[in-house]
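Both of the next two complexes hold chain A, though its partner changes from chain B to chain C.
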Partner chain A sequence: MVILPLIISIFTFFGLYLILSISFNLEFGYAGQPNFGKVLLYGVGATCAGRLVATIVMWYVGADVPFFSALAADMRLRWGAESPLATAGLFVLALAVAMVVGGAIGYLLSYPTLRLSGDFLAIVMICAGEIFRIFLKTYEPLAGGPFGLSGVPGPFSFVPDPHLKETLYMLLVLAIAFGCYFFAQKLVNSPYGRLLKAVRDDELAANVLGKKVVRVKAEILTIGSAMAALAGALYAFYIRGVYAEDFVPMVTFTAVTMTMLGGLANNQGVLLGCLILTLFDRLTRASFFNMLGIRVAFDISYIRYTIMGLLIILIVMFRPKGLMPEEPVKTPAIEMAEEKLAKRAEESTSP
Partner chain B sequence: MIEEFMSLLFLSLLLGSLYSMMGLGITMTFKIVRFANFAHAELVTIGAYVSVIMINSLGAGVLEAAISAFISSALLALAIDELVYKPMARRGASALYLLTASIGVGLFVRYILSIFADVYGMLCVQSKRMPMRIGEVAGADITDLHIWVIGSLVGIVTLLHLMLTRTKLGKAMRATACNFDLAQASGIDTDLVRRITWVIAGGLAGLAGMFWSIYAPINPEIGWRYLLWAFAASILGGMTSFYGTIAAGLIGGLAEIYGITLASRLFGVSLSYRWMISFIIVVVVLLINPKGLAAIRIEAIREWLKAPRLKLPKFLSAKRR
Partner chain C sequence: MAEKTLKIALIACIIIIIALGGALGWALTRVAAPTTIEYPIGLAIAVSGPYAVEGPYRRDAALMAIEEVNTMLEQAGSPIRFKPIHEDSKGTAEGAKAALEALAAAGVEVVVGPLSSKEVSAVKSYVDEHHIVVISPSSTAISLAVPDDFIFRMVPTDAAQGRGIADLIWYYGQEHVVVIARDDDYGRGVADVFEEEFTAKGGEIYRIMYDPTAGAYPTEVEELNTKVSDWVSTYGADKVAVLLVAFDDDGRDILSRALTYTTLRGVSWYGSESTRRPTFLPPEAPEEIATFMMDTGFKNLFPTVGMNPVREKFYENYVAKYNKEPTPYSYFSYDAAWVACLAVLAAGKYDGDAVKAVLPDVCKRYIGASGYKKLDENGDVMATDYGIATVAIEDGSYVWAEIGIWHFTTREITIYD
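Here is the complex of A and B:
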């Protein structure tokens, strides 16, 4: 059963990064705001969720041990294993809090977008992400500094079999990810989607026509950031901890590559790009190569990053819009109009 | 007390000069190609590794190592431009896409280097030629590395200034940086200007890399780690001003060393926060005024100093009625 953990990790990774990529697609593909600070929101969501749950559980457990010690982590996980309802409730609460905090930070991030254009905005966002990571790594009371915060009980802690636990969590992540996907599809196949594209294509014209461009930017960044924070919270429960070194810019670049590869402003494209890169990421790990029995003289992850870099260069040079092209907005009105036209075409051809 | 102040001062000057050297490359390329090159990090790393190989394995001296670091980084920069940036710019890529491409280039070069470094066991090396103490100033030790770095920076600035102001090529470079299309229309070979810019920028980065390898152990991530200091120097300096970049790099070094020492003494803040300082500088400068130090206009300050500020009431004025 060695293959099962691989499949679980592939799909969980796919779910998490699908949420991140969809949020980047909404912000950049549809609304033209390059939010290269995805990992900032990812980390904020994970820290909020992990810290909140760990604090509440520790308060319940009430023991007098240092918060970030392995003993405390163990006690928290054991408490989680015995209280299914409480952990489920805490899970939902943590997701909600993470989304609210993420949305708030996203709203704050819209202020830089007003002052800075494309590449300077990207630099600021990358720096913001790194500031957060270094802060998280250095400031002990938040997430245990360099050692991280372990022992965040997930919603399925009560399940005794670890494989079943992981599988259930994978299904939950996939469900939430596809929920985000359908939410994004509904959001963009509507007059609001047209508004986003208008802001992306020609801000001045949109302003002239009376659309509140500033407000739209703030809104889409809030929504996108809330989604990214949701992904972060799910990640915290997946690895049952919060570790600062997980929130590196590579996370952002991975999500960006998935979106650009799949197709900017095309959510199906993002699905495709996410799937391709997930397979590529998970199947170029040391664990997989060990399974196949291949051994190389150096660390395998170097190959992954090399090819990822090459992939970014090739995509940006030859297919910056991605594999799947952008589709026109399909509002319900347009769908009905298409049906009527199809029906009329049928009636005219039938005798 | 004075010794500590002086030793921190020399450390700041050392680090600040290195930041300025790296930032100069970013500023130069930004002026000509109009985007922020994240692959600059790798030019520094390659210079560092080449110099380590030269000094440790081939027994070369510092001068030969410097020249080889300069040449190798310059060639790499040229190759990257010809293969990636120039074709994209010709097709009209926006600055954001060029930046993303440069991130990809950086990743690619960094991890190809990592593969080779891992295979040859060079993942964490330092040059055998360590800094040697050559004297004391007011109680603080000075090593020959200090002299080299600060001396190189002064020399580079002087050479660049002379080249840009006194030579025809320098004039052509300034013209291209000012208005690319007009320069092309005037018959300036903008391709040559572009190539020379990359060579100089890459060379400076390689030189800085060599100094890093002498100063501390290096690993393939070292360019990326110090890249944001290069950006901080360039952005604080105004991204299009040489002297701004140099001043900003030195300010950055002083801010980092004195800032973190004061913060840890006065507020008990951990020293690990020093890695945040470059990012904070970038964010703050870009949010307040992207032109950085260059936004300070000397003429405006002079006028403000000259102009009368208080309006004297009429009965106090010297005008005769």
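Here is the complex of A and C:
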């Protein structure tokens, strides 16, 4: 049973970052919009979900204790344990609100993309993420400022066994993550996917051909941002709180690294990249080596960061397109064309 | 082609999962005949992020404590040994949760750390549900004082410190204080209590909260200088003071910039307990910072323990082992690890519930390197008196010299001759 927390940790983290990485891949890999402000939407999703649920629960409980205190957090979690239907309803509501707000912000973020592109857009997006983090940390009434907001009851709060509760939540996160994965696959293997690539490869040409480039950019940023906000909301329920200092640029870079490692514009590659980096993060810890009966004579923490950095450098140097490079879009039309071409070739070579 | 790459991906995933499963299976079946009984003690101590400088000092102190306990047990012929497992909690909520999950997976039920209140807050519901005892050496947030949970804290909350600093500054006659503080759970906690206490006395404060991740603080120091100059021209330099609530890197950056301003050199400076670190003094800091601190009469408070044999022995052993001086919070980490081990021994079994039950009694009878560790009803160490220190030169070296004491119960200040 002791191994279970590690499995839960690995696959919950994997699920969250799979959603985040796929959203980045849709925006950057397929549509060429370097949204390096992933953490902004991730944070917005977490804040919306955490704050909404905590507020509704406190309003319902009606206790006169400071909103951000540990006592209030305990009360919220106890209430969650006693109200299974209500917490499930709140969970669904919170995810929906987070996605709507995230999507709306993503739509607004499409405006800078009209004037900026490439590195400049990436920098603006990174700044937007930092502005959000600083605002969240400075403005206490939103999520407790630097102290954070704790005690956000999850959908399985009513389950008494903590291991079972966390396992169920992990499965839920994985189900949602794979739902996002299949949605993204469907999207990019449709005519819309080809349109995204057309915008990415040559905006001018796409415009000349009558494609509404501005609208496409706005749409994909809305979809990607809603997905990132969804990941953030799921994160808030996983950690049962909202802490401003969790929304650092490193979150974005982790998602970017996972995407780069797997392969830009290849969702299967992203899945692989997420899995490899998550396993690397969780299985290069002192606790894991201890479980294997291996004693490490030095503090492995520093070595982990070094190896991670080295890995990124090696990938960029030797596999710049990732482990699974981009492939042509598979559509029935292309398949038919390939078949016809193959047939013709066969006919021409036959006597 | 797509099918081929999908196959490659799937095969890679399967290989990784099989390798993981195989490794775990191997680990689980690999049971050697035990000659000793090993109990793991988790150390969820950040050594990166905001604790990159000071975290390793605390980790080393906790490791030393566990080593000492093991030596004691070995000498007594006991088969029990404690095995430290360190996880970097990164100073963030996510890092702390991941560290606790990793430790829980390794079967750990007693943890020393995490360090900050934000990290403790993030793992609270997790450790309460999993019955993992957490002994934080440095979390001070008042909001985390909750009875009957699995969180224990070895240092008094911010309430005592904030009150003490307010009394100290008032004692020296300054009525207008510019607070320059980290905008995090620690800085905000101290600044909030200080503001409440100091304004209640009739004092006036102006707050400058800075982002501790910024790295450099020229704008904040400029603002500090502007406000101090304004007040000095209105009330006089003897009525104005600066309170610095900072850690190592940010604190040194602020001090190194402040020393270039004449006005800031002309007023009294005070610091939070986190400024009482050797890292603020040469050789770890430039000499001009120490000189500036002496010129401005920089004073800070720290929970006092007086010199006792445990403290002296800890200091000697720490310097001998690591060739560096322990930071003030290292004493608390050392005690947290000792208390963790003693509680497991007192419980007679390695079980979070049993350890939680005996821990208050163990603490009631424990006087360590950081003093008496009696806990209150919330599992936090009861507030003690605070020593007042300033920078002085002893034998040619800059040191923190205790010049007085602030009495917690009476709120009186005694300055030594």
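Just so it is clear, the second predicted complex is superposed on the first by the 314 of 351 C-alpha atoms of A that agree within 3 Å, B and C clash if a C-alpha of one lies under 4 Å from a C-alpha of the other, contacts with A are read in each partner's own complex, and residues count from 1 in each chain.
As a convention for this text, a contact is a pair of C-beta atoms (placed from the backbone, for glycine too) under 8 Å apart; a residue touches a chain by one contact, two chains touch by 3 or more.
Remember, predicted model here, so these are calculated numbers, not experimental data.
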Between chain B and chain C, positioned on chain A by superposition, is the outcome a clash or a fit? clash
Which partner does A:M308 contact after superposing on A: first (chain B), second (chain C), both, neither? first
Quick one: is A:I134 in contact with chain B, with chain C, with both, or with neither? Answer first, second, both or neither. both
For A:G269, select first, second, both or neither according to whether it touches chain B, chain C, the two together, or no partner. second
Between chain B and chain C, more extensive residue contact with chain A: C
Quick check for you: in the superposed arrangement, does A:M317 touch first (chain B), second (chain C), both or neither? first
Touch check for A:V256: first (chain B), second (chain C), both, or neither? first
Partner chain(s) touched by A:D299 [first = chain B, second = chain C, both, neither]: both
Would you tell me the residues on chain A in contact with chain B in one complex that are also in contact with chain C in the other? 134, 137-138, 299, 302, 305
Under the definition above, what is the set of chain A residues touching chain C in their complex? 2-9, 13, 66, 68-71, 73-74, 77, 134, 137-138, 145-148, 150-151, 162, 165, 239-241, 243, 245-246, 248, 266, 268-269, 271-272, 275-276, 279, 282-283, 285-288, 290-293, 299, 301-302, 305, 323-324, 327-328, 330
Can you list the chain B residues touching chain A in their complex? 35-36, 84, 87-88, 93-101, 103-112, 114-115, 118-119, 228, 231, 235, 270, 272-273, 275-276, 279-280, 282-283, 286-287, 290
Contact residues on chain C for chain A in the complex? 1-2, 5-6, 8-9, 12-13, 16, 20, 23-24, 26-28, 30, 32, 40, 42, 47-48, 56, 59, 83, 85-88, 91-94, 97-98, 101-108, 117-118, 121-122, 124-126, 129-130, 141, 143-146, 149, 183-185, 187-189, 209, 211, 213
What residues of chain A sit close enough to touch chain B in their complex? 34, 111-112, 115-120, 122-124, 127-128, 130-131, 134-135, 137-138, 253, 256, 260, 297-299, 302-303, 305-306, 308-313, 316-317, 320
